[in-house]
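What follows is a set of structures for review.
Each of the next two complexes has chain A plus one other chain: chain B in the first, chain C in the second.
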Partner chain A sequence: MADMTQSGLAVTPARIAAPRRRSPYPGWFFLPAAIIYGVLFLLPTVASLYFSLTRWTLFNSTFIGLDNFAQFLREPFLIKGLINTVIYAVITSSMKVVLGLLLAVLLTSQIAARGYLRSVVFFPVLVSTVGVGITFTVLMHPTNGMINEGLALLGIKGPGWLVNPNLALYSVALVDVWKGVGLATVIYIAGIVAIPRDYYEAARIDGATKLQNFFYITLPLCRPATSTVIILSFIGGLRTFDLIWAMTRGGPGFASDTVASVIYKQYQSGFYGLSTAGNVVLFVLIAVLVVPLTMMLNRKEGHE
Partner chain B sequence: MTKTTRRTMLTGFSAGLLAMTALSGTAFAQSINLTYLVPSGADGVAIAEELVKTFEAANPDINIDIETRPGGSEGDNLIKTRLATGTMADIFRYNSGSLFQAINPAQFLVDMTNEPWQADVQASFKQVVTAPDGTVRGAPMGAAMGGGIYYNKAIYEELGLAVPTTWAEFMANNEKIKAAGKVAVIQTYGDTWTSQLFVLADYYNVSAKDGSFAGRYTAGEAKFGTDAAALRGFEKLQETFEAGFFNEDFGAAKYDDGIRMVATGEGAHYPMLTFATTAIASTYPENINDVGFFAQPGDEAELNGLTVWMPDGLYVPQTTPNLEAAMKFVAFAASVEGCEAQTRAGGASGPYLINGCSLPEDVPPAVSDMLPYFAEGGQNGPALEFLSPIKGPALEQITVEVGSGIRTAADGAALYDEDVRKQAQQLGLPGW
Partner chain C sequence: MAGLELKSLYKSYGEVEVIKGVDLSVDHGEFVVFVGPSGCGKSTLLRMIAGLEEITGGELWIGDTLCNAVEPRDRGIAMVFQSYALYPHMTVYENMGFGLKLAKTPKDVRDAKIREAARILQMENLLERKPGQLSGGQRQRVAIGRAIVRKPEVFLFDEPLSNLDAALRVDMRMELSKLHDELGSTMIYVTHDQVEAMTLADKIVVLNGGVVQQVGSPIELYQRPANLFVAGFIGSPKMNFAPVNVDRVEGTSVTISGKDIAAMTLEIPLNAVQAGDVLTIGVRPHDLVPSPSGAIVGRIGLIERLGNETNVNIELPSGASWLAVLDGDQALQRGASLIMNLDRAKIAVFDAGGQAVTAEKPLA
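Let's turn to the complex of A and B:
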């Protein structure tokens, strides 16, 4: 403890001015926050690590070692769920980046009804996910849904958006993009607005085209916005549950199951130990994918 | 009014409240309040209300409040949690059979073995609310149901078809219905649970060939994937899908669509449990006489019989402070007046399992079609979930896959066996 304080003193100049100054608040002021954090976050995390090694019911538990993990990784639909989760996260986050950036460029340019259009794009973010899911389930009904009836007017036989096992996951991903692109757009608008006008003026003097403006000024200078959007939507995509549950419940069969929906189903079926193990797997999966991603994005940012 | 007097009054009032809470159920017989937890859903609540109304009229000193809960797995978790935390209602309605076994009946429920009314309860029901220690811990609530196939009588008449007693006849009928340009088999995978019927309702046919299946299945010796008779249920589902008998929107249609289609003649057959009769009667009263019912046919006509679902049970948790009053209500519900109240509220959907209870003369055809299976010379047997505590929870997703052509019957059955193994381990059964 002592040398930690020492090294702390060495680095921060502010501390040097007031050596060993005591905090004006007594240590037990931290207690309420510490208790809440401990009871609601630390304890469950540690407990779930233990319970993932048991077969438990609400009444008792039996220690079974790593059997739950073996079982979870043997679930035939789990591998599919893992792949689906990654596909879903990649599709939704990349589409949000591309569409969000394009919309943001459009909505920061001088167009009519800009404020109105901005709120229209953002509006779906405010609607409840489950409500969106139920609405689109009705719209995507294979025979009397509005989408396929519209296509029928054009002479096209629409696919079974949510009932075709090859299509269901992508249909849900599209709805997720529709709902989430507003947030990405707002982040990008903030990023673009923060770019100093000077760059554009200098570029205009040099005779840059609009396309060059976009590729050499806007795109590189809103990299912080890009990494925020990617991280947020990628993590959101990895742990996605509500939209999938509202629209397909992982179906048809197991075709659109993701890790989160598999875990939920195990819990619902009373396989508490198994679903706890699944949560540990999801935790590791997110960490393994997102930590390197964050490091990569931040490092590139540093090179600018 | 001064501050002091107000405070005194408040104190007195709360003391009175406390006293009432503490004493209710013993000394203050006038003010017994019971809670009765039932699954939500119009039919179930209507039955509960009628029962409570009739009971309160006869017992003015007891007041019963009805609480509702969600059905399905959410309901299961709610029941388990309330039992484990000692906050269960004084009386509750819940499934019998395997789900009853999963709530630890011997630990949580009041023993009803020696209640006088048990004499009139049929043995087939007692068997499905008997805890592992051999005590009976529930009373029947609701009517027995059949699992089988609803059919549209108007279509049968128009095409001159006869009720099939073998699977081959059933498929031949489907062929003719399809040739006439109609939907032969209605499937509604928008509500995934409805996809299980072809497998679950086939159990009578399994047990008719091999009476020991349930026992061997519970012990982990018989499997759906390897037992030819048990595999038939999955194969039947695959056959009807491959023949193209389903309605076009089978992947998205819901249970409500299914009963509409079979009632109004948009489709000819709908595999379902007979509790749907009540829903058809209340939603499509003008079509109720067009809807008939038959057991899911097996491969041999002489073995034709109905797979039966036992009604729910009525249970009392050991934590209730009002045991005497709660048991009085249970005794009423398990009496002839009890079934009459249920019939008044929900119409008659099937035979009651209480001696002396009868059905009115004017039951809908879907109910009267069911009665011969229960009469002399008729054949029926309980569904597997009443003979074994194990039912794999992923069955409905697997049957959706088999019924949508994503997975073959043999593959689906093998996957279900894996699911069953998980459930058996979770229940801590020996031999798994």
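Let's turn to the complex of A and C:
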């Protein structure tokens, strides 16, 4: 009896001490991924933090402390760019949420040619952004563009989509939504399809209408999809560059400049240290806006 | 006050018929259980009553209303789903009040109804919780509460206990039975578990392949199964079967024998069988008794000792295996030979088509 107790005691601490699950794979398996991640992500990140503190000409660099940041923040059009960036991110992400959800509801209901329509909605995601930008620049030409020619047939005088300083940013945002809504739709479709049918059946017995189904079941239960779409498209909106550059180059004047296009212009002028500092500022901006947003979305989600 | 009337109900998905002409009448206040193996159509039949599946043919009457084309919410039914289908983002209170809210019931009436249902189910303390914070049994209770709140004429249950563990299932079974007595409403309950069917039902409907095999009280089904399927499905452990030949017929006395069964005489209704017919006899494992002068001789296979009874597998000469449930703890040896007697009055006899030909006898 005494022996049994002792051996029992000997076993117990070992069990408590080893709660960590052992991986079935040897440790060195993670090396390839670690090397790629280190070389392509960690190293450039750390290097850019350093170069943002230097006057840098690609061949040599002089440490100048926070001067680059001071200069970047004095940039006359930076404030305009910052405001534009946030407006752009809010518009594109909210429109992708609304349109993506509506399209997903439509494309998960019993309609003809559903599979085909899903492909149609997703197709713009696959096309090159620059290609889309150039195409829409042509379509949105104030006099010869197909959009305004079409409007003219209806007797409407189309606006100067990309040449009107008050409109250019919104026009680009519209094109961004057109191109990106497919991805939001696919995420929402996955979210909606994952909602058990029982909920709708129970609601049907309770007498819910289609609209009530949407507001009481679909909308709350695809909240994880909503969070994903908001965060992905909001970050995408804050970082946006290629579409703006392809369509307006930040113009007319500086009307549609975003932080990223301001940074790019500085690269073009050879101010590498300065523009790297701009990138750090953009990174901080994204973090400051997205981290609390993510926390808020995740907290509300924590009902299950 | 509503009973139900199903008149040659059909359901098909394209070419595939899943419900093939079901006729059934359910009285008000009855507890009816649909039982059958997976894919027999019992859930489909329930969903047709609920209005979640369209009716291909036939008539469905709930009370005095022909309900074929009536929306689920207007049928006076409430349904408890196998998955419970509790909305995860709503509290228990909101879940239970959802239907009333949709029906625009005034807030104070709604509140009173929810609290009344919570009182009946003894879960007043759970009202502010979300389904994710409840145990399986509690969720089950909420699902039932949501049904009670609607004050339906007919309750529909789709395998409501199948997600619970064995002990909880027994508890909930008793609670459901109590609830039925308390509410006095009509209840229709689907299960594949014949023990649930036997314990809960006033009336059992055995389904197989979309066809009703037999309708009757649990004891009727147990003692007088209408065919081989019902005989094999109802009762636990399963009934033993053996093929026999009819040797001689003298009025209602029929002598039978088979590879595994020594010649014996049974009482069978007049002209039901002829000499030379092949029949199947069925004997419940509880009706086998060891006896030196028995009709069955076999070798003892597996022995399961449960304390209060002993389950013995007996290998018969034909290679078939029978199960006997013997009282108490029996001193038996594996491999030894065992002679068993069977209670003639309790033998079920089926013709070559599998239909019962057993003599009418009063229910015990």
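Note that in this section the second predicted complex is superposed on the first by the 265 of 304 C-alpha atoms of A that agree within 3 Å, B and C clash if a C-alpha of one lies under 4 Å from a C-alpha of the other, contacts with A are read in each partner's own complex, and residues count from 1 in each chain.
Keep this in mind: a residue touches a chain if its C-beta (ideal position, glycine included) is under 8 Å from a C-beta of that chain, and two chains touch if they have at least 3 such contacts.
Bear in mind that the values here come from a model prediction, so they are computed numbers and not experimental data.
Enquirer: Give one of first, second, both or neither to describe whether A:Pro196 is in contact with chain B, with chain C, with both, or with none.
Expert: Only chain C; A:Pro196 stays clear of chain B.
Enquirer: In the overlaid three-chain picture, which partner chain does A:Ile217 touch, first (chain B) or second (chain C), both, or neither?
Expert: The second partner, chain C, only.
Enquirer: Could you figure out whether chain B or chain C reaches more residues of chain A?
Expert: B
Enquirer: Quick one: is A:Phe72 in contact with chain B, with chain C, with both, or with neither? Answer first, second, both or neither.
Expert: Touch partners of A:Phe72: none, neither chain B nor chain C.
Enquirer: Classify the contacts of A:Tyr264 with the two partner chains as first (chain B alone), second (chain C alone), both, or neither.
Expert: Neither partner.
Enquirer: Considering only touches as defined above, state whether A:Trp245 meets chain B (first), chain C (second), both or neither.
Expert: Neither partner.
Enquirer: Considering only the touch criterion stated at the top, classify A:Phe59 as touching first (chain B), second (chain C), both, or neither.
Expert: The answer is first: A:Phe59 touches chain B but not chain C.
Enquirer: If we overlay the two complexes on their shared chain A, which of chain B and chain C does A:Ala208 touch? Say first, second, both or neither.
Expert: Only chain C is touched by A:Ala208; chain B is not.
Enquirer: Over in the complex, which chain A residues touch chain C? Could you list them?
Expert: Residue list for chain A touching chain C: 196, 198-199, 201-208, 212, 216-217, 220-221, 223, 303-304.
Enquirer: Note which residues of chain C are touching chain A in the complex, please.
Expert: Interface residues on the chain C side: 50-52, 71-74, 77-79, 81, 83, 85, 87-89, 98-99, 102-103, 130, 132, 146, 150.
Enquirer: For a test of understanding, state which residues of chain A touch chain B in their complex under the given definition.
Expert: Listed in rising order, the residues are 55, 57-59, 62, 71, 76, 137, 141-144, 160, 162-165, 249-255, 265, 268-271, 273-274.
Enquirer: Spell out the residues on chain B that touch chain A in their complex, using ranges where they run on.
Expert: Interface residues on chain B, with respect to chain A: 73-74, 76-77, 80-81, 84, 102, 104, 107, 189, 192, 248-252, 393-394, 397-398, 400-401, 404, 406-407, 415, 418, 422-423, 425-426, 428.
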